[in-house]
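Common to both upcoming complexes is subunit A, partnered first by subunit B, then by subunit C.
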Partner chain A sequence: MSLTLSNPDNPTGFVAALRKHFFATKLDAVISLVFGALIIWFVMGVVDWAILDAIFRLENRDQCTYEAGACWAVIESRGRLIMFGLYPYAEQWRSTLACFVIIATMVLSCVPLFWSVRRLPALWVGGFTVFVLLMRGGFWNMPLVTSEQWGGLALTLFIFSAVFVIGMPLAVLFALARRSDLPVIAKSFGLIIDFVRSLPLLTILFAAAVVVPLIAPEALQGNKLMRVVVAFAVFFAAYQAEIIRAGMQSTSAGQEEAAIALGMPYWSLVVDILLPQAFRNTLPSTINQAVITFKETSIVTFVGFFELMASGNAAIGTGEWGNQYVEVYVFLAFIYFIFVFGLSRYGAWLETRMRLGHG
Partner chain B sequence: MTNSIIKLAGAAALALSGATASSAQEANLLDTIKERDSLLCTGHNGSYLGFAEVDGEGAWQGFDIEFCKALATAILGSPDKLQVIPVSFAQRFPALQSGDVDVIIKVTGWTQSRDTDLGLQFSRPYFIGPFYTMAKTELGAESIADLDGGVFCVNAGTTVERVLADYMETNGVSYEPLAFEKGEELRAAFYNGRCDAIAGFGPFLSATRVNAPDPDGFTILGDVMKLEPEGIVVRQGQEDFLDVINWMVSALLMAEESGITMANVDEMKANPPSPTIERLLGVTPGVGERMGLSDDWAYNVIKAVGNYGEIYDRTVGEGSRYKLPRGLNNLWNNGGVLYPLVLD
Partner chain C sequence: MRQLLASRRFRRAAIQTSFILLVVLVVYGLVVTSQRNIVAQGIATGFGFLERTTGWPINFSVIEVSARSTYSRIIFAGLLNTMLVGFLTLFFASLLGILLALFRVSSNTLMKIVGTTYVEVFRNVPVVLQVFFWYAVLTHLPGPKQAYNLWDIAMLSNRGIVLPGIPLVDGGLVYLALAVVAAGLWLWLSRERLSAVVRFGGALGGVGVIFVILAVLGHEAGTPILSLPELKGLRIAGGVTLKPEMTALVIGLVLFGAAYIGEIIRGGLISVDRGKLEAGRSLGLSTFQINRLILVPLALRASLPSLTNQYVWLMKATTVGLAVGFPDYFAVISTSINQSGQTLELLALLMGGFIVLNYSIAFVMNAINDRIKIKGRS
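Now for the complex of A and B:
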């Protein structure tokens, strides 16, 4: 942090700042005016469409025409389909609750209090168990809802967090194996990583969803959602492993040699020296990877899951609401934005925190 | 790009499934379904307008879904025993081979390669997919010939482009094609009046019309340029199951032919006007038992979903927003090509 001294000759204040930044020269002034007008025009257009001319409640279906602004009534009418997908209507409170459980688990695991080898796994095992029990049901007064019927936001969050939670340890494992002293292990894991990375995610998911049941024995198959999540996690791990490996390589070789010279056991070397630095050095890329993964969850729609995006498509996929696709996509974008923006802010907070603690 | 990857993956999965399916002799699917007490039928990963779409409460509806319900009712006695599995178009055949679904009812054209190479079996067509032309209403055209010299918007490089060219050449109608790469561009151009007409698959055209700024400004012309018979698909070797499907379709058509509807089926069952209807509704025993079903299976089906005409009208026809002309999907005595089989 640097401290700026205010210059007594340079007047401060809003008008002065405005003049200094936007109207310093004639060219600046012209550019500022043109772009200012463009921005105002654009914002006005959006406000007109989204709020002033918009129709929020519907007395008559034909109110929503091409000339009118946004027809938010579509969200009122199809909102539950977008949020819950094919989940049985009467049971959707369970899906809501499950959503909160998974969000709470995500938030809690971001709190430093939970960052210990015992607490973090316990938190996630607990969170997933409650989530699956709620979603699946089949006991007390909660009828069984198989994972084929899960959908909407709950499914998107579940897939994302499961992929992240399974993929991250896998990525560490891949990264360590690729750096192994044994050439067989290093080479074969290098090959696995490169192989997985060279395939499109869609192909991997398709194989997991459709091909595995044809060739694997029944006992090993699990259900379709499980297979897809595991396949997705392996894909995530292949990318994340390279990020972590980059982080490890950026620590000086001297540290590793010193640790070995001091007789530190291998796991201590990894857990106490390599990984903390690797994660800190690669935090921006890791957050990046998490954001990409969150958005890529929508690909599971191709193997027949009704996650958020597919539910949105189903919501407009009827003659009645076919024209309101812009409204629905804006709504979806808003949901994605909340989560992705939250993730980015969290990443930024982590970076500041680490810098404060470790100079 | 995404599409070609899906197709490739689908082809690979099928090559594999073909190999495994032939090696394993499967148990009678009809028994498996009864034991499970639910029928696994195909839905869609999103919506296929009019045929498989989802209502505000997450329940499936549409023409194909009604046939799924009818089949579930025929075998298990209630449409609630249907379980709809969402699958994409590329995924449908692998999903059938791997047993994720029992049956595909998903506007699937009966083609030779599917019937032979893929190890599939088709039912008799339950829907005749027509390629139509939709024109601006203000032109007042009643047939394609009236559009002589007009501008036709088409998707570049699609089947439709070829179908249109063939039809126009055969019938000696001149036209000016205006090709577009993307479906959205095509629609926008059509809505904005850049072309007099577009050609396409019937259900697609009616969906396009529903979403137009002014749906009444466009009319689907009666001329059928080409047709694609759509069948219900099961795995090879499931003859008993296929029998049930064929007779289910036939029962729906027979009901329409004899004027039996969802509303009057009870009355018809109480006073059957003819011996055939007596048999159909299970008043005279025998029609169910031969197929391993209850004798009142057809009664249950009609009670649950109505006859063929009612299903069509409710989901894609005049009673729906799509207003797809009945056309070839009418009964033989109404200018269509559909007919029931003989119930003896």
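Now for the complex of A and C:
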């Protein structure tokens, strides 16, 4: 139980390592044995449930009701609903392809080769456009699928990437406005950012979905998905703006003064000097914000969209599979986990890399 | 030169004036449109509706409410629900978080593995999903007749978890909460004036006396003081019922929040300079003294700012109670909007409520931070 205090002599060898890690003191030995037993019991329980006693293919209908293990047949039966929502069956290949395109965009933007103020936006705008075109269709042999029919993982990925594509430029704008030397603008944006940050995301999405139709002229309303995505993007931008602003503050003031002394235009100062350094300095926080945003896409469920969380709930909403909720939720958790864990591991890798001075 | 200065000044003034004009114009436009829409729907503006009765009840409240309650009372009940869930969540998530942090900095590899696995699993799955999951688990428990009976002390069924309890007078929880707040104020105001024994004794004693009074007032003659759950016909009587809605919400938020809090506290613990611990040891302090006098204060100082952010975040996250139909502040206001149509007024209340709540947390945490930070350095 005691905290690690440095061990001056560092014995090697398997037995020594075993002793050091598990049996350093009597208390340690007891803890190790108790925890070891608990871990073995838990892991065996999970393996039994998820694999050994599980049913992967259904031979008859009520097989799942009296078996002890997991009934993964629910995923086979409801998998398409979970992954695609109400997207037309014949067109689901487009949804799959669109998901691959946007995932490829995410992966590519993690490669240092693309880290420039011009390449990264180009990559995202390109990837996002292809994604939307594929999902929407309405040209060549692809029938039009309106956004009301989008659902499942594709809608989650759409919301996530749209929030990023809209929110990132907004965040830069907010950050620049907040540190502007025009007092009115700096104060107003400071107020807006702090206001948005003190509200739960759900209230903002709710306002966009329900209240905007009441207070905005019809021409400016757009459809509900658009309103919600824009509101989400503003929410994201309020947080990301503070991250970028911190990054800008961490670049030395001398650089900015030098640029002004050289007569660089403001735009060039921002794009060539401030932003590259601000982004580089704050990459781990940005990744962390992306992680949070990905998880928070599930909140969109509450304003009536059929994204991953909602389609998962729909899969067990019928009496037929109502008792297989554990399997479905585990499956959903696993999908979220892959994205979120992958992103956060990448963030951790970046942090080590930057500490080593490659940043 | 003067011309340049003048033009620069002019440009700055022009940009700012046009910005203000734009804001005024947008706000004016929104007000005009909303007025027109509201008039078209025949809704009276203003906060007069708060004194009307709602006509719909909420399924959980610490104060007495019914379908005949006014909007203001139901909204207040919702605010209390949010605060209740928020504080339960912060309290238990902090406890579990401390435990997790100790696991992760422990020298025992198995404990480290357990701590790390926990954090990675619970942090990387959306809290909404976790709340849905726990709600499904709780509502799939057997009915009251087949309830799991834990040694006649607690009963688990799809109606909720029933624990033994001491019945209080109606609304007793509110008075108890007020007593706890008063005790906190007492501790705060009496600092550096009275001895620790008097301060903490007074606080605990005061809360205790209030509790006894509330229990005596709420006591029905002929019933035992400690009420245990028991099956009566088709339902479970006695005890204190934790309804599945609130329980699922609190469990989900606690398990999720603890993973984050654990990481923050772990960060605080490992940020403590090891030389200071060794200095303590060479001064002959015991391990307990080193932990109490050096490690914990320094770790707390290091982790408090992040902890404040996390607490505020968790308070905001209570809005996912909507997933399980728990009538928190947001859910109550959202239903009110549906029922009364007083959208703008209710939205203002909603946002105002959260801002007050969050700034209160931040205020308390910053006050603690000011108090414990090393004096003379910043």
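Here is the rule we use: the second predicted complex is superposed on the first by the 300 of 359 C-alpha atoms of A that agree within 3 Å, B and C clash if a C-alpha of one lies under 4 Å from a C-alpha of the other, contacts with A are read in each partner's own complex, and residues count from 1 in each chain.
Basically, contacts are C-beta pairs under 8 Å (C-beta built on N, C-alpha and C of every residue); 3 or more make two chains touch, one makes a residue touch a chain.
Bear in mind the structure is a predicted one, so any value in this text is a computation, not a measurement.
Chemist: Putting subunit B and subunit C on the same copy of subunit A, do they fit or clash?
Modeler: Because the two structures are overlaid on the shared chain, the partners are seen to clash.
Chemist: Once chain A of both complexes is superposed, is A:R119 in touch with subunit B (first), subunit C (second), both, or neither?
Modeler: In the superposed model, A:R119 contacts neither subunit B nor subunit C.
Chemist: Tell me which partner A:N323 touches in the superposition: subunit B (first), subunit C (second), both or neither.
Modeler: both
Chemist: Look at A:P200 in the shared chain and tell me whether it touches subunit B only, subunit C only, both, or neither; answer first, second, both or neither.
Modeler: both
Chemist: Applying the touch criterion given at the start, work out whether A:T301 contacts subunit B, subunit C, both or neither, answering first, second, both or neither.
Modeler: Touch partners of A:T301: subunit B and subunit C.
Chemist: Could you tell me if A:R136 is touching subunit B, subunit C, both of them or neither one (first, second, both, neither)?
Modeler: In the superposition, A:R136 contacts neither subunit B nor subunit C.
Chemist: Could you look at A:R19 and tell me whether it touches subunit B, subunit C, both or neither (first, second, both, neither)?
Modeler: In the superposition, A:R19 touches no partner, neither subunit B nor subunit C.
Chemist: Examine A:V210 and indicate which partner it touches, taking first as subunit B and second as subunit C; both and neither are also allowed.
Modeler: The answer is both, since A:V210 touches subunit B and subunit C.
Chemist: Just checking: does A:V184 make contact with subunit B only, subunit C only, both, or neither of them? Give me first, second, both or neither.
Modeler: In the superposition, A:V184 touches subunit C alone.
Chemist: In the superposed model, which partner reaches more residues of subunit A, subunit B or subunit C?
Modeler: Of subunit B and subunit C, the partner in contact with more residues of subunit A is C.
Chemist: Have a look at where A:A310 lands relative to subunit B and subunit C in the superposition and call it first, second, both or neither.
Modeler: first
Chemist: Residue by residue on subunit A, keep only those touching subunit B in one complex and subunit C in the other, then list them.
Modeler: Of subunit A, residues 200, 202-203, 206-207, 210-211, 214-215, 301-302, 313, 316, 323 contact subunit B in one complex and subunit C in the other.
Chemist: Which residues of subunit A touch subunit B in their complex?
Modeler: 65-66, 77-78, 80-81, 84-89, 148, 151, 200, 202-203, 206-207, 209-211, 213-215, 224, 301-306, 310, 313-320, 322-323
Chemist: Provide the residue numbers of subunit C that touch subunit A in the complex, in ascending order.
Modeler: Subunit C reaches subunit A through residues 12, 15-16, 19-20, 23, 29-31, 33-34, 37-38, 102, 105-111, 113-114, 120-121, 124-129, 132-133, 136-137, 140, 269, 274, 277-278, 281, 287, 291, 295, 312, 316-317, 319-320, 322-323, 330, 334, 337, 343-344, 347, 350-351, 354-355, 358-359.
Chemist: Which of the residues in subunit B end up touching subunit A in this complex?
Modeler: The touching residues are 2, 5-6, 8-10, 12-13, 16-17, 20, 45-50, 53-60, 83-88, 90-91, 94-95, 97-100, 207, 210-211, 213, 320-322.
Chemist: What does subunit A use to touch subunit C in their complex?
Modeler: 1-6, 21-22, 24, 28, 31-32, 35-36, 39, 182-185, 188, 195, 198-203, 206-207, 210-211, 214-217, 295-299, 301-302, 309, 312-313, 316, 323, 325-326, 329, 332-333, 336-337, 340-341, 344
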